[in-house]
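In the two complexes below, chain A is the common chain; its partner is chain B in one and chain C in the other.
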Partner chain A sequence: MKGKDLDGENIFITDNILHKVVACLKADRSGVLVGLTIRGEILITGCLSCDDITNTSQIETWLPGGISVKGEFNQSKNNKNLSFSEPIFHASLINHDVIISFDQQKTKPRTITLTEARRMLQDSTFSLKLIVNTKVDVMNNGRLSVRSENLISDETTFFVPSLNILIKSCDDGEFVKCFPKSDFSNGMEVKIVKSKSSSDNVAPVLSCQPSSHAVYQVPVRFDGLCYVNKDSSSNKIVTDLNMTLRCFLHSINVWLESYNKTSTSLPVLQFFDFNVPGWCHPVSICYPANQSDDDLAQYRRETLHPLFCESCERPIFRRANSLNLDKEFSKELLVNPHETLPCPKLVDGKVYTVHGLYSYHHYMQDNFNDNGWGCAYRSLQTLMSWFRHQGYTNKPIPTHHEIQQVLVDVGDKPKEFVGTRKWIGSIEVNNVLSEYLGVTSKIMFVSQGSELEGRGRELAMHFDNQGTPVMIGGGVLAHTILGVCFSETSGETRFLILDPHYTGGEDLKTIIDKGWCGWKRGSFWDQKAYYNLCLPQRPTLC
Partner chain B sequence: MGKSVLVEDHIAAYLQLLVKNKSNRVGVIVGKIGTQRDYVVKLICCPFKESSSNDQVVDSAWVAATADEVSHMLPGGLHVMGIFAVAPMALSKDVQNGLRQALYSTHKLLSRSQHSSLKPLLSDQLQMWTLLHVDLVSGKTLLCRQYDMNDKTCAGKPAEWKITKHATTWIVLKTLIKVNTELYINLASYNVEQQLKGCVSSYCHGVANALVEVDGRIPTISDLLELERATGSAKSKKTKFMPHSKLGRTLTCQLYFANSEATDETVKEFKPLQLGHLVKLSGSIFACAYIPAKTTVMDGIKLLKADAILSLLHRCTLLSEEMQENKQNLVSYEKYISFPKRVAFTDSGKPDDFLYFDYVFPGEVIDDSVARIKETFDTILDPGMITDNIELFAPVKNENIETIIPAKEASETHSANSEGSFPYGSLLAAGAALLSAAIAYLSLSD
Partner chain C sequence: MAKVTFKIILTSDPKLPYKVLSVPETTPFTAVLKFAAEQFKVPADTSAIITNDGIGINPAQNAGNVFLKHGSELRLIPRDRVGHS
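== the complex of A and B ==
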């Protein structure tokens, strides 16, 4: 069974997606597997759970161009009334394994890592970014909808400004080969133009009718991704781009339908790209501009998270999670400086590090001289940056004085505290996280620095489960712990430290070479001093 | 010595003809102002004025009005670039002062209220116009001087009126552009001309910002208009054109409109608009431009676009004049309105010469055009020399096509090449009867 091909087709799927499919099938939920065909093989790039969906075009609106439904999964072989334009395979659980059947043949999918899947996608396709930035008419003909002729019609043609090329459906040969000197890079922008070439030469005729229709002239702005096989013909590219466009219009219309006919104002709809865990490429989601992330919480909980087979424990679809927002993150700060470090050489050592992104806060930044006293404040800022990067909050990183004010507000410090150079510790860090961000933390106490090495397993568990950076204060110093390397067999621990005492500029090489961010042994700690650690816990929200 | 104004032999011959006719003439110089040299393509005498209110040889207002009419007949790339006079040397002072005044009056009239879509297309056109005085007695050039039209106090620079066998070869850019828009628009508070121009305004901006494919490719900024195809297929070796032919290659262009950009980032909500009217435009317009060889393709494209926009706007003006004469208004108009169509003619009747244009309403006969061309362009043509199929009128069979018939002439057919001249006056009464019958027929036949 194992090596048997489906009509010569291999189906590649990432372990994460397979995991989601198994979980859905065990819960008797059904859905679809989406992806694309690369030289006869199928790469599955994502999965959607669609018990409630009755219409295939609803599924396609979530997908970038070039990605389509390749298979469906359900346990009870109930044929939904979903019909797809291409033949698709069927997947179900048999004896805890996902078995794929297609045309009487059965096989197992081939599991690959996300990195391998992304590489497959990158090697065989180039991505186009369809840019639309225009006003469209939204008509009220009983229901609100966009006049699609504004964007899609016979005249629609696609233009690639960087290559000075029009993509027209005429050639049958490989599109890329028609332009041998062109450099087809990823993410090339494509714009929509309308062909005005005429086939008849009748002089202009005008008609003018009175109209009582109310028209909304609404801006629409999106960059839609479209994955194009490198050996596609221009016909296929045009079809895929048209599909991308249609899906976006459909997304807009879906939102518009939920607005009452008698609404006096329509919101602007904005599109955001998100990385969904396990997916090989981002997905684009549309939100009305006049609803905040809190307003949209129900939509995320009840529609988006179930659709993408995600629990509602962590934010994925908040605006702050989106890839394209200019996030007001100080562009000057280094993000994840630890990533270039090689792993420590520890026998049977396993590395557990912070999940996601954080920014490196340290002495002297923002032209604020906190040299000698501000280290815990800087560590706290690093912790806060993690919650901003992962979309748990939009609040800005507080300054030292603002941090002090929070402690006053919460009753922890007297009001004279603000403006001083007084140190804070992990308890204060915990209080500020709680008051300012609503984040609770666990406090770990170590009576001697030499004991820290022995708490390696606990820290490993923290990084595994929570994945948040840890603030540690003791002796006269505060640091941030970004991870541990722990060996089950020897019990040895190495600590990945981010040091807020650095006073230089944002120079990654210096920071790494001089060890301001680096792996340290247990001897790094003051062996006699006692230490408190603040381990922030992820709020469960989405 | 100043700029050379290149003048081909046939134009010099025309001037000599005027000299031989022994009467003072004033007229318009048509051609192209280039960066290095100017090219004169035609000289057009102002028609004789019936009653001359003054004894001045040069009547500024009359010249300006003629030049305005002439400018509507010109294709893209060719413009009014100066004024000339054939007059005796003895009147030099008066004539030359008059010419100078006429230059500025004409420029002022021609450059009034330009539509905003034309600004990016025509803003880099040079405005050094030529003043020419030729002696009525000897035929010699008495004065050829150029003035900066943007500076009224300019003293002028001498220029060389240079007669040459072959000034340059011109590349022809032509295109047929679909005019199809559907827009919701508020028309209430405007007059007919403003209403019509309002209907086409965003279309004009679309033309101005359009991507243009020339001869099947999108040009880059540095591409030049070459006489022959640049890259070698065997065909390119065959020189199709005589070395000194006036017209070189004809390049067909296709336009692609970009979507107008939405700019306001901050607005989060939109209220509905009650605009009042839905205006639909359909059909196509023909545009062309003549560009001297070696000009950049981008400059050529600008002139082609300007021709399309100016042609459409001029048709709005003509149409609004007719509607106002018939006391009609766009908002109360129930049926389709046909724009006038463009018809083409050449100076000599020969095919390889510059195309000039006139506009004809449905229901007008070609002879009307002949008469206009004679009056404005000082050119006598047979009706057969006017090409009236570069654009066509919508077929009568379409329901509700109501054509605007100009009030002066009346006819029951739109026959293209009616022979002989038409006795207008005697048919006016009969024509009115026929007209109402025709309209009744058209509306009953739906």
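== the complex of A and C ==
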């Protein structure tokens, strides 16, 4: 149903974000919708849940530059006195639909997919990376000194090294005239040229400020994202970059104030970018370097996950989830090779596969010859890679020897086991996952391979609820099961198999064409042999 | 000395025979496995113990811990592939 256009503005929102807003409204929680205006239309790129939406500047500090609050949602009251930088719309649930009201007019937002939304963002903006690598002055009452806050002012000038240009506010504000748009590309770095009160200073000036506080210098490094509308004036760009800077200073302030009350030392603060489900762009979160992910669990559970309308079921804001860390995922390993496969043709067949990402580990990788004996080890490595990709752990993938050592450490194998070519199976895989990652697994014992087809429904439920890859051992061979296609009407099952016995290179075409990753029938299994399956259980943690 | 009691079912036998074992709670679970395997006359190093719900048990625990976490009913299953090529 198309409502009347709001002053010619259409409001685009992804189905995921809309879903979150509906859930919040039903729970009587309020919050804001954020995004940007693109040629008169509003693209909503994310949503935040907060009970006090009058603290507008604080809310905006969670956002990258160029993204601002466009609307607020709440079911019970219509706030008229909000002081956001521009007029915003109000959204609430009417008859199970989200209805937007603005200036007496009502309309429904237009839902688009995340891919379409990201495309809209990409086509109409370019992203700048604001690099701040500096020291900020902190007084011993924990506050940033005023000198640091002077980073932001009308005189702040930004420098783009790759284009060798300066951006600053200027009177006519015409961005396009000065710098051809085509010279800008995504991810271009921008630095700050600190503001000076007078441009005629050539000699260093020493000043003494009597102060009742000692001042400490704390190094900080910040790569802030800023989305600049391609149609922007240079003044708007400076405003957006200043906003990015404000977010940075606010985050530091928050952590420093909390530290000041409890300790005598100041932490080094680091910024990480995270992909939040449903958002069109990453968000930057600041953590003190001396607190581990476990130390920060409460902060994530009580502040971050509720703020971003996320349940605490899976990790989103752990350092292992961040986009910046060079995760040391071997760039050579294939990730999710199964995705290009067409679905098996099964009447009423429904496909259930692993959630998220994994890397394909197999024989002969890392220049290690495990041909003939290492298949279960490789399947275990694939399972471990899933936990790394999804951010449950930062621990590196263990080598065969390290796996063997873990088994010795838990008492499962004698110490002579390390360095041998002895085989392992599902039980050992479970033991290593438990000891090395703290992950519990279910073991499914199948007395004959012919029965595996009959366990299709159980496996389907595993992929639905847990979504982790499964290691299967039996009949002398180990494999990884990435999914099943199960038909309710016929009970037939097809298995999506990733074979660790492959000895070739990381060539997706060969791997798919020769069936090293592919859908197999029940006949794939040794019908007489018994099998054990290791089904890792996803830890419920954030 | 406090003891814990387990009822261990041999799942590879269709008749599902079981044995009841009582061990001091500080016994390492690896020893419980060996003892159970002996009782059923199956090789210990090709056997494993899982819970009644099918959860794999980390052997680096003592019997008391396993009893608290998983209860007394356990299953003895044959391991897959422990040979040497």
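Couple of notes before you dig in:
By our rule, the second predicted complex is superposed on the first by the 399 of 542 C-alpha atoms of A that agree within 3 Å, B and C clash if a C-alpha of one lies under 4 Å from a C-alpha of the other, contacts with A are read in each partner's own complex, and residues count from 1 in each chain.
Note that contacts are C-beta pairs under 8 Å (C-beta built on N, C-alpha and C of every residue); 3 or more make two chains touch, one makes a residue touch a chain.
Keep in mind it's a predicted model, so treat the numbers as computed, not measured.
Within the superposed three-chain model, A:Val476 lies in touch with chain C and out of touch with chain B [touch as defined at top].
Shared-chain residue A:Ser447: touches chain C; no touch with chain B.
With both structures placed on the common chain, the touch criterion links A:Lys422 to chain C but leaves chain B unconnected.
Contacts of A:Trp373 after superposition: chain C is touched, whereas chain B is not reached.
In the superposition on chain A, contact of A:Val132 is made with chain B only, not with chain C. Considering which of chain B and chain C touches more of chain A, the answer is B. Touch criterion met: A:Val220 reaches chain B, while chain C stays clear of it. Within chain A, not a single residue is touched by chain B in the first complex and by chain C in the second. Across the interface of their complex, chain C is touched by residues 372-373, 376, 409-412, 420-428, 430-431, 434-435, 440-445, 447, 473-474, 476-478, 530-532, 534 of chain A. Residues 132-135, 137, 140, 149-151, 155, 157, 159, 164-166, 191-198, 200-221, 264-268, 289-290 of chain A are the ones touching chain B in the complex. On the chain C side of its complex with chain A, the touching residues are 11-12, 28, 30, 48, 50, 53-56, 58-60, 75, 77-85.
Taken together, the chain B residues at the contact with chain A in this complex read 175-180, 182, 184, 187, 196, 199, 206, 210-211, 213, 218, 220, 254-264, 267-286, 312, 315, 330-331, 333, 335-342, 389-394, 401.
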